[in-house]
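Right after this note come the structures.
In what comes next, chain A is part of two complexes: it sits with chain B in the first one and with chain C in the second one.
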Partner chain A sequence: MSLEKPSRDTALDVGVTEDGLDYDALADLLGGHVLDREEHVNAEGFVIRPDEVQEVLSTLKEEAGFDHCACVTAQEYDDRYESIYHLRKFDDPTQELSIVVPSPKDDPHNESAARVYDTADWHEREAYDLVGIDYDDHPDLRRILLPETWQGHPLSQDYNQDQPQIVSLREHANPLEDDKRSEDDPDTMFVNIGPHHPATHGVLHVETVLDGEQIADLEPDIGYLHRCEEQMCQQGTYRHQIMPYPDRWDYISAGILNEWAYARAAEDLADIDVPEYAQVIRTMSAEMCRIASHELALATFALDVFGDFTAVFQYGIRDREIVQNLLEDLTGQRLMFNYLRLGGVAWDLPEPREEYFEKIRDFLDDLPHKLEEVHDLVTGNEIFQMRCVDTGVLSKEQVKQYGATGPVARGSGVDYDLRRDDPYGYYDELDWNVVTEEGGDNFSRVLVRLREVEESARIIEQCVDLLEQWPEDDREIQANVPRTLRPDPDKEIYRSVEGAKGELGIYIRSDGTDKPARFKIRSPCFSNLQTLPEMSQGEYIPDMIASLGSLDIVLGEVDR
Partner chain B sequence: MSSDQTPPAVEDVSTQEARMGDGADDRFNSTLREAFGSTPFILTKFDKFMNWVRGSSMFMLQFGIACCSIEMIHTYAIKHDLDRFGSGVPRASPRQADVIIVPGTIVSKFAPRMKRVYDQMPEPKFVVSMGSCTISGGPFQEGYNVIKGAEEIIPVDIHVPGCPPRPEALIYGVAKLQERIAEGESSPVTVKPYELEQFGDLEQDELVDKLASEIDEEDLVMRYNWNDSP
Partner chain C sequence: MQSAPLPETLANLLELDPNSTVVMIVLSLAGAGLIGTLMMTNTALAGPWAKRKITAAFTDRIAVDRIGPYGLFIIVADAVRLLSKELIVPEGVDRPAWDLAPLIIASTALLGFAVIPMGNGIHLADPEVGLAYVFAVASTTSIGLVMAGYASNNKYSFLGGLRAVAQNLAYEIPLILTGASVVIFAGSLQMSEIVAAQQQSLIGPLPSWYAFVNPFAFVLFMIANLAEVGRNPFDIPEAPTEIVAGYQTEYSSVYFVLIYLGEFIHIFLGGAIIATIFLGGPAGPVLPGIVWFLIKIWGVFLFTQWARSAVPRVRIDQLIEIGWKGMLVLSLANLLLTAVIVGVTV
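After this line comes the complex of A and B, so read on.
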């Protein structure tokens, strides 16, 4: 497995220099495949022929070490369709490269990347569903978010939103019906889990086929909460109308983390500098969100594994309520904060400041004791361990193939955290650690989250120290940003932050107006959920439920 | 019975007497009981009594859709504790539930399933719609895939506005529902443009013709005429 630890041999280091990537060397590597080169804000884009996708991508993966296909963006221009593969490296995500694949307007199709990166499977299905590009040699090109009987591709230019649609409600067929497994036990059984089911964490539908008690085939069916987030963002103005939507992607109190993803992308697109004071506040509040989000992840996971709505669940909620109070004091809302602004934050810390700091410190002081309690109740519990240790194992290799990020990747020993590897905000000035576990099982993922809560607490504490001493005449909360923001036309950017569930990225293309021409969301849960079939092959249903819980998906972000 | 009372000798008293102790057990003597005095009877209409009972003990369906369900969970859990108001226990199966709280955005793929879940609940059943999404589609009102409110699918008794409503608001909504039930008010009749029907029963048009090869005559479908949406 040459990709697991890119040894620093020259082959995988093509174009790597002290100060960033040398794109000329990469272009040399690809030779005649590169038709043209584009300048994107985050990286260079190489334009290639639509029928050479597999060749180019596998060269880049095998020989240049681009092992992470973060996102696939599809869009329609006036004269062509275009798919962009955003590549980066797990080892150093600042090394980025976009592969731009144009395809003709009348019959848009290009070669699929799914044979190179497993994760491209779902990303391309989404591109087909929403924009309408056909991917040749794709293993299973079907609609993914919209119902299968949908007419038209909503993000393409000539889509008529008012046309009627018909959606069916029918029984799902057993995909292994005809597959007589063995002579004496020819039956497989189809089990529908969801979309209304207490263990699926929202409206996820898992189509499961059992052979005896073991899972023989499993497919997550998503799209039951596809609320057109990308369309909404493309209709909103940069300055004010987009910011409320990120709160509703990962709605488990991770609002500020999501807002930051948009803020970071748009600020880099429009060259806005954020005052340091605002960065500290952002960092502090974002980590509060992370704690709240991990608390709920733990609570619902315990709910799945223990199956009760009582003790452990309520402990999680109890701690969340405290964080939510802190965030409410800061932002005025319990869940949908809408607190960040391009160029800073909406307002300063609540007065009296000392009281607010004291509240935060009280919370931080109590936290170790509470975590101990949780460890007693959950991770130290024998039943819990039996359910979680060595179930739902995900290897490093699989993590990278599927582009899984966040606690899921770190639970499998993939040391990837954008807060450290692609620093933003105030993180690189603070003292904290990236948590990893080697196990790759359900237990490791839970441990990672619990230990990340401790690290987040450390970050918050340092931020509070900083804020307390911040000179009063230097508390600038927002940079000077014009009332209407019109980034230069045809600028493209892909930027990501470390959300609660992993790499939350946003691609924006500007067209000179005050609204983005294309707004694409790379959601960590979408990629993470793709690993579920791998994790649960051959396992029992209860283990699959545990795996699903430990992935900690939120459907608002999966479906967008 | 407090433990410092010396138990009477066993031979002397019957079991019943022993249970009674000194006089009537006062465990049941609530203030209410005292108020009734020597005639502990209430005269009421059967319907009225049933309505009061219905409103005072409601089983909620454990049903989450989107962001609002996070606040709904908080409403059930400690601190807000909806259970205090006689409507706590979430049931996982619609067949055991009296009330469905619809917490979130309903999209085209989910609406038929939600209708099915609603149909599975036994009568009498009540609906609380939570959040602006269930009133009009909320922030996603203009989305190509979003149903413009829960009332397009199922009848709604109480709307709780907000995005998301605070737990206090949801509790208020549930309390209002209980009040209405106790007073025997029936749910309003609403327009429900989207029904589950068999594909074969749909009026023939271009779209139906086009889909005829994909959908069986007997398959249940929901047809969205977005133009008629509010």
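After this line comes the complex of A and C, so read on.
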């Protein structure tokens, strides 16, 4: 990252100063486009006209270097609809800017950002689906999470929850329907891969058009696991009722990482400081979750490439089991941890502490040997390399366009890790590295995950050292947080953490009550999955399946 | 070593007239039944039980151990379970092709055992074209696969059927060419002759099994055989994570059992061919021939299961490339070289 900076056009650094962004300079850049300026907790929000979205965003992208459209949040107020584009930079995600686009209540529509950021395509479809804002000039504005026949937009104010919804079978793609034969290529065959298919790791439906064995066209169809997580969070109180939900987004052992996303957003919103001791425990347990999650990612990827529940899969599960036991000792749960609290963690380490530390150290001592075994069996295998090197290639440019994050981005050489770039917890005090690979192919993504396991192990080791030496009278696990949390009205925040799959962000708007007025989840899998068509176009079915596996999506997080 | 085929042996044993056609037909059928039962027993042991145990050993698990000693009675339980399932016939399947396919897949593999000498006189027939016959019936399985794939009215089955054909075309030729190199050595297609030719000593106690005489051909044949029986790294026609289960996607109940059975018999037939033409057939010290023969075919079975547990699957285009550009060239070279060497020395 630092290597790139000197060659950069200075114009891309508009408003960048020593102590953060100078929003006045950015406002000057946009000139008359900025109608108003709002103060959000994480960044300033520039209010712009709904028909100037593309102009403003491309100016910001091309001249001010905001190359990452992290999230699009839509919401309805009493007097207007609003879309917020959360922009940041891949080089320095602490440089943030929100573009707020209000649109009229009676006919909510604004210009689409999909022409500027490819990632906005799905994000705006979701906004249209759940909130009901129309995006002009959108390439394909359809519902994304709910079925096509759904009546109304569930997160809009006038939505009638009692209205019967009829989703006829006809509305789903019929698996027996005649092949879609396009005029210019009459020899294609339409295949539904999923929602029930051995390789989709959940309920994903990939509408595929095949030309022989090659992918001519492909479109992921999501929403089968949509559980209204955002709305459920809006109905829970900040203090206790929301925390169990994040465990259910990326439900594959990444629970504490998800909880941390909510904890971080809510704590920053309500100005809660977390005791250092609790931060160390959080850091340690979060990295355990990352190891568990990456082990499973490797296992399932092997399942896709090897073709069956073979040795690699079982080894992955076996190694994950040990981390899982450590987490169970700590939290009392194996998947749905519910361990973090606003301002700390639920309880201290299990007693006797020495025994627990011993267990962790045993695990860490065994890990290099186990990874060695995996490298022998998987990454060193010629057939595996034949299958994975140079397949499912995702370029740096595509990664940024689609807002892909996590191992997917780092596998394409995008050096972006929020643990380092937007530090939280105890990460900036510890000695570890961000892993990147330049290949951008399936193989690189696997390598990144394997090497990240090593880095996570280093972090855990340092945390254990710290916890072991922590003075006994200073083990504060919980800050003083009021029983009922009522953040000041109309505060808005977008905060993200480095989840197992990438940037897991939460947007919260408070309205003075003890429940959020809008709770929006920025799921890394959702953005990562968008890259699948780019990766698989023209490749063979097995490579598409491998790419899907290497994206490591969890449908619980994609659909929320 | 050269013993009479099974029907004659039976006739002598039962003191019946070996020149009567009726007696020979009845005894041939009885012999076929015997060999068929023997192979089915092996398959029954392999499918529900040994496969699980072997895979479990490779993957640090225990597998079935609740029912009977070492979980052996799972064979009975599985048989009951599989046979009592509902046979679902999907809409629009092309009958009777759809019904015939499982029969063809299961029976063709079984037919191959007719000419395999298993030791202790268990040898149904010994035609002069024995090896050619085995290759011919083993390849017939492909017809069953195509029928299953095409008749199922399912796109995954269709893809699986096409893959099966492409794969078999790419691998049958190297397989047969490598087999032919053994024929050059032995100077005969007759199975008993091939086995007999491997009885001399090569160096010291090492017998002149063709696996030792020409290890290169042996390796080529083992690889081609993996593709022939469709096991990793070449389980492309089924490829569970890609095309669900390929040609067998739409089959359930008895038909599923037949296809599954056919696959296992096919693996054993591959093992039997390898044992016969490369490993000296039933030859071996101390133990009776049939035991050695079974050990050898189970050894090959173990090898396929090992490959399945540890090796990733190649892509279909890569497989075709390996087959046509690699294996075919190598097996041709092997054939020519063998011909030259045999021509010069003999």
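One rule holds in what follows: the second predicted complex is superposed on the first by the 536 of 560 C-alpha atoms of A that agree within 3 Å, B and C clash if a C-alpha of one lies under 4 Å from a C-alpha of the other, contacts with A are read in each partner's own complex, and residues count from 1 in each chain.
The working rule: contacts are C-beta pairs under 8 Å (C-beta built on N, C-alpha and C of every residue); 3 or more make two chains touch, one makes a residue touch a chain.
Remember, predicted model here, so these are calculated numbers, not experimental data.
Of the two partner chains placed around the shared chain by superposition, neither chain B nor chain C is touched by A:K515.
When the two complexes are overlaid on their common chain A, residue A:Y245 makes contact with chain B while staying clear of chain C. Touch criterion not met for A:R475: it reaches neither chain B nor chain C.
In the superposition on chain A, contact is made by A:Q314 with both chain B and chain C.
In the superposition on chain A, A:P198 makes contact with both chain B and chain C.
In the superposition on chain A, A:R458 makes contact with neither chain B nor chain C. Within the superposed three-chain arrangement, the count of touched residues of chain A is higher for B, of the candidates chain B and chain C. Within the superposed three-chain model, A:K359 lies out of touch with both chain B and chain C [touch as defined at top]. Contacts of A:R334 after superposition: chain B is touched, whereas chain C is not reached.
Overlap of the chain B and chain C contact sets on chain A: residues 198, 309, 313-314, 318.
Across the complex, chain A is touched by residues 62-67, 69-71, 73-74, 76-79, 90, 92, 94, 104-105, 107-114, 116-117, 139-140, 142-146, 163-164, 166, 196, 199, 202, 207-208, 210-211, 214-216, 219-227 of chain B. The touching residues of chain C, counted against chain A in their complex, run 58-61, 91-92, 155-156, 159, 232-233, 235, 239-244, 308-318.
Taken together, the chain A residues at the contact with chain C in this complex read 176, 189, 191, 197-199, 213, 302-311, 313-315, 318, 377, 381, 383-384, 386-387, 540-543, 545. On the chain A side of its complex with chain B, the touching residues are 146-151, 154, 159, 161-170, 195-196, 198, 201-203, 223-229, 231-232, 235, 244-245, 248, 251-253, 296, 309, 313-314, 317-318, 320-321, 334-336, 555-556.
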